[in-house]
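In the two assemblies presented below, subunit A is common to both, partnered first by subunit B and then by subunit C.
Up next, the complex of A and B:
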């Protein structure tokens, strides 16, 4: 892997991390086929197998980003082929809205991707993953955990000051005078 | 006679509605005053910060703080009240989830200041004067608190023991919370003091909620004559009820307005906006990308609709590409 190209994004040694939600019946089987066929593709995806792409709660996607994923890939059966008849349509509709909402919240569109990959399309797994990794390399790290930390930095000075004052007050405090007995 | 337990109220970035909710106790407030000593309530009584500083630590039984935290002053007060109180309670949607002020987390601080002090239609400010953190005026050194880049919930600044939700909380759940507090009859720390069920469970329109929803369009309330008895979702009107905690006794839907989500999610939901998005959008009628987009265009502002009260407490907290601050009024 050419690590030099990462320096452009300012993060030496950074590699895109993709959380991939694949449905059991089509895309996961396709990924399996890609493996059995010894197709080589970028090692940047972490595959999570679900029974159906319709099981992908938008909370999973948002949480993946919040915990440090640079991209999220959802793979399901082609329209009309869902093992549960309707699941992939539900995913498509949620995806359309989520895409818009995430872009309103500053997450670039290529970071969330939905692909229909049938069980026989091992080659498509390779193409999609390689293409997504290339796009994420161009975008650079999302690094939300790092950004959350940077946002809260603005509270650090005041919190530190208060801590010191409290420590100083505790050190000079007189024992409390009580009138009991 | 033993001393009465001490109670405090404080407000941060809020509209005053939560204070109003306490006043809405009406004559029941007399019962509260009989049972407790109110030792701090800047909105209604003359107290100063120094009065609180002079109190021994932990001497207040409970302080109810409303409002989001978005200035250095509010942070300082949150720390002070935390130290002086046995229980610190986030009172109302803003302290609990960020609330309406939390929608500012879609914009940079510079954007907000520029609009408010320069571009708002009602502002005349040709010299583009803005408040300064430090200023010398006639030999006096004046300081102002810093506006933070990020709007925060109370529990993102200090530890919080309980939450009383709502915009504003109803007198009923507030009184129930005070009763539990005074009776020492409290649930585990971190609990939201309201029923842990979806609003639909309390909604009188529940019987008309279809088992299979299918939206062919979304209709907006200001251009729709809505039926006063049928489930809003069945009418194609966005209602946050399925993703929102009950406890308000369906005040809005009883007033023929859909739920906007102020009580926040139930304990099983981590991100209220993502959850309602999931529920609403999965149930559209169309199956093709273009037609789906047309129906979804009926929700022009998903962030403002799904995270109306909860953006700071959501998983993303804020528009992610905005600058951060270093606490000295500078961007880092």
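Up next, the complex of A and C:
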């Protein structure tokens, strides 16, 4: 949590963190290939393996942001190449919907990214990750957990204020009532 | 799967292992620090780092710890799960736990091999380890399911690789369907005259195998046919094959060729594919003398009867009561069921017109290596005479190597066979004509058995070698001795100056390329391709003929350029891999299927149309969705879409993934 407060203040040493959901057959394998080929890329990415990008529930993405991810990357097979025929099309549909929702929440568009990376495109893993890290560095921390806290505080302050106003209103209203009777 | 699930229920006791993989991981990631970090995480009762977890002692360590420390969960941080998940699940099972109480962390391919900064890599390893440790608590015991395998095999492509694979399987007693696009099997090898480095006659070693295919009781040979649809999964594929009409019944045709003589076209006037256009054929033709099946074929693009329906059909008369010719033949779509498939769809040659400075198509005496192959062949268009287009004998010849290979402008890869192939042709050239032969090369690559010796032989026989990539071929004579000749302009990089060398004939050693439709074929069979377009093997070293689609194997040049011995070796390997699956009798399926928690299902039906395998149906009686687990392939698309969260996926449960997310984000 110390780190979070550091991030919020944009302290030096902040590094973007990316949660990634890669499909088993194309993008995860491509990342393996990048490894076998010893391609060097930014260490800011944490990959979670799923069988198909179609398994990526929008809740996973929201959860990752809520847990402090600065960006979320989804990797699937190229259109037409899905190991499960068309799971990646479903992903694309959900991705487009979720993007709108996220922008309404004030989460900038580059923070969520969908890429088609085939098993042979180890090089693309490197360029995509490096590019995404560079963009996130420009954007700065998202720090949704920090914002949640700030929002909670705001709500608490607001509730407190309302309470006080109501109490004050009640106090001033009291004589009126007695007067009327 | 005999292990009961009783161990592992109840208390969570996690054993964590981090593998150093020698220096592969250990040199970048601080493994002891990762082990130390993991040991403090909730549920972890034991945390170790070890040099090689996948070794026997490493696996033994896991088994021993499970017994001694009563572990109920195991996490190993090492290489990619695609490589060793199976290994460690086996160790966990031998230790007495359900093998699915295991989670693997990839800190090699996804970490130590791709990051140079040790501190950052160690931090990442910790995060990934934590994710797995948080996830594995929610693992459930699972059983693999077994499905029977259909023992029949489909081999696609009737070149030497496909032929060899089909024969190997057929000899082992398996029923094989061999599908070939062309009217005869034989592929590229059938066009060759001799084979390097032994100089044995290609036809003499190939033809018996082709005949064996034809004669084998276990092989169904479908030439002039193509696979158009593939459905199903390993062990149970349904394949649709389109059989193009040959207009000749293969079983009735005796190959007498009287119809060819009788054809209304008195002269052969269409380019003969087998002789790469160097000779002509009629609309009805035998692909080549040793063709298998030994049956003529009628070219629908050329035959008057097929095209217009207005021909006196003298071929029919010639065929007489054999009644082999049948113009009523129609295209057929045939469905077959097989358990495994071997793809040996080969390659195509580089189109030499793509390098215009070499003058192919412009100067008639610039030929490709395959064209020369036909010229030296005694059954070729010239009866084995190497002649120039004007009919005269060449006195001098130049071979240009790496045409469409090792070239950033065209293809970057080495086609592997052209050095040897060109030296073979150069020796034959010299033998047939006595000409002066020069080979223009960048590097001579002769690594195969007997190949370096063959290079020595070429040198001893007086073939000249000039090192340098040829800049240009021109007919612009600058000196009297260049008149009427083709001039090769090249920087001789050994002599250190630019030379002009006049020759009569130029042979371009064209490289190999993936077939033009390799992308379509790849999609059809659900394969991956390398960046270049070659079919991708599952692992470059450990699984060179397997693909990412179980039950589909690759052999020969569709996987990458290779010579005949290598193609045959791969074909044998692919056949053996298929046999290993078939003879096991069943396929163990990863238990990652989706299932429905009926009580939560609202019956909204939104999942039903999402499944590409129609595994989900709607039960009108209960008003709930139902999943047929036998049809489910475990992609999880329906799981992600279920609004009530009532569809779940084994091995990829929501609680497992949510905890994995929490784990990677925690540190």
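The criterion applied here is as follows: the second predicted complex is superposed on the first by the 144 of 181 C-alpha atoms of A that agree within 3 Å, B and C clash if a C-alpha of one lies under 4 Å from a C-alpha of the other, contacts with A are read in each partner's own complex, and residues count from 1 in each chain.
In the analysis below, a contact is a pair of C-beta atoms (placed from the backbone, for glycine too) under 8 Å apart; a residue touches a chain by one contact, two chains touch by 3 or more.
The structure presented is a predicted model; accordingly, all values stated were derived computationally and were not measured.
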Touched partner set for A:113, first subunit B, second subunit C, both or neither: neither
Does the superposition put A:157 against subunit B (first), subunit C (second), both, or neither? first
May I ask you to decide whether A:98 touches subunit B, subunit C, both, or neither, giving the answer as first, second, both or neither? first
Is A:29 contacted by the first partner subunit B, the second partner subunit C, both or neither? second
Check the residue A:137 against both partner chains and state whether it touches subunit B (first), subunit C (second), both, or neither. neither
In the three-chain superposition, say which chain, subunit B or subunit C, touches more residues of subunit A. C
Contact-wise, after the overlay, does A:39 reach subunit B, subunit C, both or neither (first, second, both, neither)? second
Using the superposition on chain A described above, determine whether A:17 touches subunit B (first), subunit C (second), both, or neither. second
Given the touch rule stated above, what does A:148 touch, subunit B (first), subunit C (second), both, or neither? first
Looking at the overlay, what does A:48 touch: subunit B (first), subunit C (second), both, or neither? second
Shared contact residues on subunit A, subunit B side and subunit C side combined as an intersection? 54, 57-59, 63, 90, 94
List of subunit A residues in touch with subunit C within their complex: 15, 17, 19, 24-26, 28-29, 31-32, 34-36, 38-41, 43, 46-52, 54-60, 63-64, 67-69, 80-81, 83-87, 90, 94, 118-121, 123, 126
Given the complex with subunit A, which residues does subunit B contribute to the contact? 56, 72, 75-76, 79, 83, 106, 148-150, 156-157, 269-271, 273-275, 277-278, 281-284, 287, 289, 292-293, 296, 299, 302-303, 306, 314-322, 324-328, 332
The residues of subunit C that touch subunit A in their complex are 80-83, 106, 108-111, 113-117, 120-121, 123-124, 127-128, 131, 523, 526, 528-531, 536, 540, 548-549, 592, 610, 612-613, 633-637, 639-641, 649, 652, 654, 657-658, 660-662, 664-666
Write out the stretch or stretches of subunit A touching subunit B in their complex. 54, 57-59, 61-63, 65-66, 79, 89-90, 92-94, 96-98, 100-101, 104-107, 142, 144, 147-148, 150-159, 162, 166, 176
